[in-house]
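Each of the next two complexes has chain A plus one other chain: chain B in the first, chain C in the second.
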Partner chain A sequence: MNFSARINAVLAVLLAALIALPLAVTSNFAYDILIRILLFAFIGTSWNLLGGYAKQFSLGHAAFFGLGAYTSSLLQINYGVSPWLGMLAGGVVAMLASLPIGWLCFRLRGPYFTIATIATAQVLMLVFLKFRDFAWGAEGTTMPNLGSAPLMMQFEGKAPYYYVALGLLLLSLVVTFYISRSRTGYYLLALGEDQDAAEAVGIDVPGEKRNIFMVSAFLTAMGGTFYVQYIYFIDPNTAFNFDVSIKAALVSIVGGVGTLFGPLIGTVLLETTAALLQSWLGNQAGVQVTVYALILMAIILWRPTGIMGFAKEFLLRKKLRATP
Partner chain B sequence: MPEALVVKDLSKRFGGLRAVQDVSLTVRENETLALIGPNGAGKTTAFNLIMGFYRPDAGSVVAFGRELTGLRPHDVCKHGLARTFQVAKPFGGMTVLENVMTGAFLRDRHPGSARDKAREAIAFVGLSTKENVAARDLTTIDQRRLEMARALATQPKLLLLDEVMAGLNPTEVDQAVALVHRLAERGLTIVIVEHLMRAVMAVAKHIVVLDHGQKIAEGSPNDVMANPEVIRAYLGSTAAR
Partner chain C sequence: MLETVTQAVINGLLIGGIYALVSIGVTLIFGVVKIVNFAQGEFVMIGMYITFFLATQLGMDPIVSLVVSMPVLFVIGLGVQHFLIRRVLGLNDLPQIFLTFALSLLILNVALMVLTPNYRTLHTSYSDAALHFGGFYVPVAKLIAFGVAMLLSAILWVFLHTTDLGRAMRAASQNRDVAQLMGINPHRVFAVALGIALALAGAAGSLLMPFYPAYPMVGQVFVLMAFVAVVLGTLGNVMGALVASLLMGIAESLGIQFIGADSGLIVVFLLLLITLAVKPSGLAA
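After this line comes the complex of A and B, so read on.
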């Protein structure tokens, strides 16, 4: 069996295991961790399209997460629209919002771009905090509890939420897989390396950035809808939390930016560490953040290409040793 | 021979500096034209104006009968113009093959056939054995070769080479000169910016000399070398007497 066939076999087994996992999981705590892993792996994978492949380092993806969350919630509470539709509407809203945000931010490069994205997410949070009549202000609101209502994205038990999150993650992975193998994938990598050289070989750099930002924003917004449906609550601080922006970037950096599975692997590592720490040490303030910071420092110091980069190097070295 | 590139009265200022002033030049199809001049003469600025990296303050650029003035670089590239950079700008993290594929994608959006076309361009510049090497690990001459292959892969009719020989040793210069000759034999129109006179004499029959952003001489290599203005620009006014 050649290398890629072996990889495909491993992936198929992993997928089957992920689908079968709810048969083995009984505790709500474990479900909670699994769902968080899938959700943040999904958001990280969506971030990675822009931040990893095109190297446009956004720290403002909470903007799209929040827009997705608010769009579906407003539609559901004010007009009774199903969050399934609201999820798509939220994606469209986020996609449209990415146009002016991109127009503003993409004229800046490097750290200035990053700071501008942080600012836009913060501004959106303030907007939703101030306008009470429009979207419940700072108090937020709880989602109406409809019991078991699959058409309204409400389920009994946690297993269905697990499958929704898994579906989202698979969607983002499939999208990333096809983009990375297409011309667009090469173009994103190229403009991430050098924008002038990319322009010189005929790449419409502003256009490519705009398009991938739209895709990334759309997907991230879907995660926002799912999250409020899962926790039955929305307020500006949850929806536009800076933590979401940070995690989206962090899981990708740890796992390996610009790789298909990097964000997933990074999330598994970070979230399981966080969960284990929490169960050992309780909710002591600062412990989680400290460990996060230590992991990040270790990666940046020793493995700036992330875990995926490490694995690639390892395989390459093994191959070199095998062929004398 | 019809005209490949007609530049008319091109001007660009940066603050108080007149980087390029009323420069006009015409390149005929299948001709190799060398653009020479002392440091800071405006050669690279002229390239950037032609390719759309800068917007000219005045003047026009017409290539193959089409007005290109004010177009963005990627649109200029679609019209059959390609360039290399003075300081090579490879996509460092990508392999040689992937680098050149980005060029090939301009005329062919399918990865499979773009890969084939990229391999042709890589073979042409003699980099085939390094196809899977990351671009940042290449030597200087190989990075220049890569730049040429990537530009070639866009299937240009006009190629602008910006100091491709700078920093090469004499053997490598000979190789680069041979490569430029083969490009010309392929029917490409070439504009080359170069400091190295040996290389300029070897590749170009038509030379344009810039100094302080202005065209001071134009003609065959021998005419240009005998021109007192050119000698003054390079060696100072006492030498020209």
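After this line comes the complex of A and C, so read on.
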């Protein structure tokens, strides 16, 4: 078997294991961790399309997460629309919102693009906090509990939620896979390295950035819908939480930006660390993010290519040693 | 009506002086080192806690504690440059953005662990005092803060324009490579820029303490304000950042007065977004 066939075999086994995993998991705590890993890997993978390939480092993806969450919740509670449809509607809303947001933020480059994205997400949160009669204001609301209603994205037990999250993650991986192999993927890589040079060779830089921002926003919003359905609650602080923006970037950087599986690997590492810390030290404020920050710093100072970059280097070195 | 507006403008202008200290630091680092310091707000927080503990443990007046907080943060600035920022210079955006971002998360969360999320307030003899000018009300603590902030800004301006080191810093911010060719040692200049910027953040913290509570997340408000001011005032422009900060203080205060207590930040962010839409290069350009 050659190298890529071996990789494919490993991936197939992993996928089968992920599908079979609920047979082995019994505790709700373990399910909760698994679902969080899948969800944040999904959001990280969506962030990675814009941040990893096009190197536009957004710290405002909570804007789209929140828009997805609010769109489906408003549709469900006010009009009885199924969150499955609400999830798509939320994606469309986020995609449309990404147009003015991108139009504004892409005027700035590098770190100031990042800051502008933080500001837009904050503005959205403040708007939802402020206008009370529009969407429940600061108190938020709980989702109506319908018991077992798969058509309304409500299930008995945690296993179905696990499969929904797994489905989302697979969706984002497939989208990333196809984009990264397409012409667009190479355009994104080129403009991520040097926007001016990319423009000079005829790439429509503003257009490519706008399009990938729309895809990234759409997917992130789907995660928002899933999350509020999973926790049965929505308020501006949950939906537009800065932590969502941070985590989306963090898992990708730790795992390796601009790689297909980087965000997933980063999420597994960070969430496992968080769970271990929690069982070891309890819920002491600040411990978890302190450790995240140290991991992030270590990665930046020693391995800016993330775990994936490290793994690639390792495999390459092994290969070089193997060839005489 | 006019009186309400004037009062709101006074309040905004005074707090704008504090915003100016923070944003001048951010813009100085950006101008000279070409790095955005996401952790600037956390250094304000450190300044606040230094002042808080000096006042509660040793009974030192917050204004006097400037002589401690500024040098301590200057030294921290040298360390941040030497041990962290120096290692990512010349690399691409990712390490440059996320190194100081990680530093901000680290300081904030260590503070949460060590100092707890509790609010700490300091009550001085002048915390509640106020002057009255023809029906207008000017709180003394804020007036002192504003005065010292403007004095420090003026000292910085004189330093940048009259001393060799200051000129070297301005040269490095205009063109790093040419400055290096002229015999300017970039690492020395960068370290001093970081030191000064952090000292200003520390000063902001000390000056805030008589009328503002200290808590681990306190820096986030100020750093967001500073980012907006730095964009508004044209990136890297010290004078622009100063003027923009004062304007933002006023905008925030008017927003609070006329739209509602929780809308100050909305007004400021909208100001940023409008600037980006209309004149993305900032007001001073």
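Quick note on the criterion: the second predicted complex is superposed on the first by the 324 of 324 C-alpha atoms of A that agree within 3 Å, B and C clash if a C-alpha of one lies under 4 Å from a C-alpha of the other, contacts with A are read in each partner's own complex, and residues count from 1 in each chain.
Methods note: a contact is a pair of C-beta atoms (placed from the backbone, for glycine too) under 8 Å apart; a residue touches a chain by one contact, two chains touch by 3 or more.
Given the structure is predicted, the values throughout are model-derived calculations rather than measurements.
Contacts of A:198 after superposition: chain B is touched, whereas chain C is not reached. Once chain A of one complex is fitted onto chain A of the other, the partner contacts of A:104 are limited to chain C, with no touch recorded for chain B.
When both complexes are overlaid on chain A, the residue A:174 reaches neither chain B nor chain C.
When the two structures are aligned on the shared chain, A:297 is found in touch with chain C, with no touch to chain B. Touching more residues of chain A than its counterpart among chain B and chain C is C. Of the two partner chains, chain B is the only one that A:187 touches; chain C does not reach it. When the shared chain is aligned, chain C comes close enough to touch A:289, but chain B does not. By the touch criterion stated above, A:127 is placed in contact with chain C alone, chain B being left untouched. Contacts of A:7 after superposition: neither chain B nor chain C is touched. When both complexes are aligned on chain A by C-alpha atoms, no chain A residue touches chain B in the first and chain C in the second. By the touch criterion stated above, chain A contacts chain B in their complex at residues 181-183, 186-187, 189-190, 193-194, 196-205. Put simply, chain B touches chain A in their complex at residues 51, 53, 72-74, 77-78, 82-83, 85, 89-94, 98-99, 101-103, 105-106, 109-111, 114, 150-151, 153-154.
Against chain A, the residues of chain C that register as touching in their complex are 35-36, 84, 87-88, 91-99, 101-103, 105-106, 108-113, 116-117, 216, 224, 227-228, 231, 235, 260, 262-263, 265-266, 269-270, 272-273, 276-277, 280. Against chain C, the residues of chain A that register as touching in their complex are 55, 57, 59, 103-105, 107-108, 110-112, 114-116, 118-120, 122-123, 126-127, 129-130, 246, 249, 253, 257, 284-290, 292-294, 296-297, 300-301, 304.
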